[in-house]
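One chain, chain A, links the two complexes that follow: it is found with chain B in the first and with chain C in the second.
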Partner chain A sequence: MTILEVKQVSLRIGGLSVLTDVSFSLNKGAIHSLIGPNGAGKTSLFNCITGFYRPTAGAIRLDGTSLARVTPHRVVRLGLARTFQNIRLFKEMTVLENVMAGCHCRSEGSIVSALLRTRAHRREEESIREISRRWLDFVGLRAKEQRRAGDLPYGDRRRVEWARALASEPKLLMLDEPAAGLTHTEKAELIELLRRIRGQGTTILLIEHDMPLIMQVSDHVVVMDHGQKIADGEPAAVRRNPQVIEAYLGVEE
Partner chain B sequence: MGFFLQQLMNGLILGSFYALIALGYTMVFGVLKLLNFAHGDIYMVGGFVGLLILKLGSSWLGSGWLGVVVALFGSAALVGALGMLIERVAYRPLRQAPRLSVLITALAASMVLNSAVLALTGGRPVAFPADLGFVGYDLGPIHISVIQMALLVSTLILMLVLELFVSRTQYGRAMRAVSYDMVASRLMGIDVSQIVSLTFFLGSALAAIGGVFAGSYYGSLHFFMGFIMGLKAFTAAVIGGIGSIPGAMLGGLTLGLLETFGSSIPFIGSEWRDVAVFGALIFFLVLKPTGILGKTMVERI
Partner chain C sequence: MLGGSVLLAACVLPFVADPYVLEVATMALLYIVLCLGLNVVVGYAGLLDLGYAAFFAVGAYTTGILTSQFDWSFWATLPVAAVAAAVAGVVIGMPTLRLRSDYLAIVTLGFGEIIRLIARNLTITGGASGLYGIERPVLFGIRLDRNIDFYFMFLILVVLVIYVSDSLSHSRIGRAWLYVRFDEDAAAGIGINRVAVKLYAYIVGAVIASLAGTIFAVKMTAVSPESFTFSQSLAILLGVVLGGMGKIPGVILGAIAMTLLPELMRDAGIYRPLVTAVGLLVLMLFRPQGLWPDGRA
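Let's turn to the complex of A and B:
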């Protein structure tokens, strides 16, 4: 079963070819990694998938629905959530409020009912709070729910971002360099967390540079270089691929 | 003592007007980082729309309290929608443009409203036909009329409701999220355009309520009344800490008191009160630009 299909996607910005004819598909319920040297086009591809950039050519489908012409906030509603390379929390809000903001796209209440603070609205607020607390439990931050998000140490801020993304109930969760800046212990916890997320049926797409982590956790790896896909497959096979070795290590003339 | 208390009362009344208008300034600034110069004119249009509703409805509702309350709600709804329209037409297409461009369209929007009402009224002051009588109560040495009480109490209630809305509901939370990081909010599934429209609706509706109150309280409206009000509400927002809702209330009341007491200093006539007001603006911008309740904003490099 395919959850995300990227088909012949190209992106040109100005006269520059950022992505050329990239195609791959991701299976439901697996952990996928997108790797490649700096400037390979990984983040650009991420931005195309989340609707932040419009591909010049090609198609992207999430669970069968085309993402062309879908605005970023609707992409989230269709079941795609992401985190950022440089953490972007709402620093002045509490940890719990950050996660509750992630639930926004799943709530049904109208603005009018919020203004009047009707009973239905208050009941929904209560259920959003419950759901958010469950996700904070999931990432192990429940005890710090009332802390200001900007005051937390780095590793905890990453967790808030994960909980906030999970709160939007994604089918596909995209994590941009989740291991960057984490300590050894925190990385081990990340691996365990990724497996628990997969365990509940959510597909994961990672952009990462940490090779040992990728090899340990991924079910499937897509390799990019110079805006093109150069390989994709199981981690062990990809590691032996001569083109991949060349991209990472260069080749002697 | 009696004089002091009476001036205190007058200052609070004036301050309530400033607070109602400052709220819209501060909310729009919080969410879009835009100084909406059309906001003072929104207040003026709010007064005129209220006047129109009062006149049209006077045969059924009379021009007493019932008529005024209907005018308040009607004007809030219509002018709230006008605020949304202005944002849609003059600000949203420039969301990606440099901040200065939007500031210029905001000035243009202000002139459009101003000139349209000038054309419609011929520039003459228009009497506001509310008939609320002069009933009042004597509380010790001070006299407070029913309309003054209504203004004070409604301002307090509106402020409370707004603060609850922003801090306790999902749309308020989304509003705060957008004000901290618009891009991240969008990528978290928040419909930023909807939240911005909501902000403009609420801010404009509050200004319209201020406008209808001004008509009922002063007895007349004038096309230019929004200009100076806009400047003073901006000053109030800065004094309180722009971007902060309680700050707008506090800044409004501070400014109202400053103005009434500033003009009652012996040998200094009331013509000097605007000097006191805008002197305070300079004072705050130079010495405490974040205002009384504002947070320090760190510019990211």
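Let's turn to the complex of A and C:
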């Protein structure tokens, strides 16, 4: 079963070809990694999928629904959540309030129901809190829910971002360099967390540089270089692929 | 507790105050409504609006025109004024909400001036001399024309607007305003429709200012374009910033300060604006977060 299908996607910015004819598909319920040297086009592809960039050509489908011309906030509602490479939390708000943001697209309280303080409105507010707390438990941050997000140490800020993304109930969770800046212990915890997320049926797509982590956790790896896909398959097979070795190590003249 | 005591004091005040104090207190209530309304836009959603007086004008002129030229009762003009302001909010909002801070500020500044110039040049709005002979409201056969009547009308509106601000700030939409204010891209990336969320802030703010304008019109029985200048918008914005953006008691304090300061400095004569400006500068240097700020701003 395919959850995400990327078909012949190209992206040109000005005269520059950022992505050329990229195609791959991701199976449901697995951990996928998108790797490649710096400047390979990984984040650009990420931004095309999440609606922040509009591809010049090609199609992207999430669970059969086309993501062409879908704005970023609609993409989340369709079931695709993301985190940012340089953690983007609402620093001035509490940890709990940050995670509650993830529930926004799954709730519908209007201005009118808030003003009338209807029972349905109170019940929904209650359930938003409950769901958010459950995700804070899931990432192990429940005890810090009232802390100001900006005051947390780096590793915890990453967890808040994961909890916030998970609260939007994604079918596909896309993490942009989740291991960057984490300590050895935190990386081990990340691997365990990724497996737990997969365990509940959510598909994961990672962009990562940390090779040992990728090889350990991924079910499937997509390799990019110079805006093109150069390999795609199981981690062990990809590692032996001469094109991949060339992209990472260069080639002897 | 504190809120209850303040409200009680506000109810007793007009019965013990002399006419001058009552007039100043009524103006303070008007500013509280306007500052709380703008606080939704600037304090909650973080959209710098330099033309907020335009929505105040929409309410005042709607009531003024309908009562003086079409013989409507004041009460019947209220929903029309609210709808007119909401439409004005959407009209200014739609094309501008994709802009970021500085550009948005310039467009709202222009919008404020456009509304004032339209009012100045149309026949229906009475041109430069404005509208006069606006009919006073009648409630249960009693004509409301004493200063104390308008004091209480504004007081009721203040209580209503506090309730609205408080309800919204603790709701899903209130949180969405903060998310958009603190990080627009992250908000969109987590599923928040930033354009709709900002538009709601504009509409709520516009309706609040408009309702203040309707009472202002029947209190003065006359409205003229000069009540809705850029300096009026600026005074409202100063009240919000002075008190502490985003926090209701702070904004109320700021609004009162903006009403009282000019009165207290009558002796300063022509130097009054200079003294006010220096005072504000000093305050912003030593207390940039406002008098009673929101903890997270």
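A few comments on the model shown:
Keep in mind that, in the parts below, the second predicted complex is superposed on the first by the 253 of 253 C-alpha atoms of A that agree within 3 Å, B and C clash if a C-alpha of one lies under 4 Å from a C-alpha of the other, contacts with A are read in each partner's own complex, and residues count from 1 in each chain.
Simple rule for what comes next: contacts are C-beta pairs under 8 Å (C-beta built on N, C-alpha and C of every residue); 3 or more make two chains touch, one makes a residue touch a chain.
Computed from a prediction, not measured in an experiment: that's the story for all the values here.
With chain A as the common reference, chain B cannot sit beside chain C without a clash.
Touch criterion met: A:H73 reaches chain B and chain C at once. When the two structures are aligned on the shared chain, A:K91 is found in touch with chain B and with chain C. In the superposed pair of complexes, A:E125 makes contact with chain B and with chain C alike.
In the superposition on chain A, A:D176 contacts neither chain B nor chain C.
Of the two partner chains placed by the overlay, chain B and chain C both lie in contact with A:L115. Of the two partner chains placed around the shared chain by superposition, chain B and chain C are both touched by A:S168. Annotation: chain A residues 50, 52, 72-73, 76-77, 81-82, 84, 88-93, 97, 100-102, 104-105, 107, 109, 111, 114-115, 117, 121, 124-125, 128, 164-165, 168 touch chain B in one complex and chain C in the other. The residues of chain A lying in touch with chain B in their complex are 50, 52, 72-73, 76-77, 81-82, 84, 88-93, 97, 100-107, 109, 111, 114-115, 117, 121, 124-125, 128, 164-165, 168.
Within the complex formed with chain A, the chain B residues making contact are 161, 164-165, 168-174, 176-177, 180-181, 183-192, 198, 295.
Against chain C, in their complex, chain A makes its touches with residues 50, 52, 71-74, 76-77, 81-82, 84, 88-93, 97, 100-102, 104-105, 107, 109-111, 114-115, 117, 121, 124-125, 128, 148, 164-165, 168. Considering their complex, residues 164, 167-168, 170-176, 178-179, 182-183, 185-194, 200, 204, 296-297 of chain C touch chain A.
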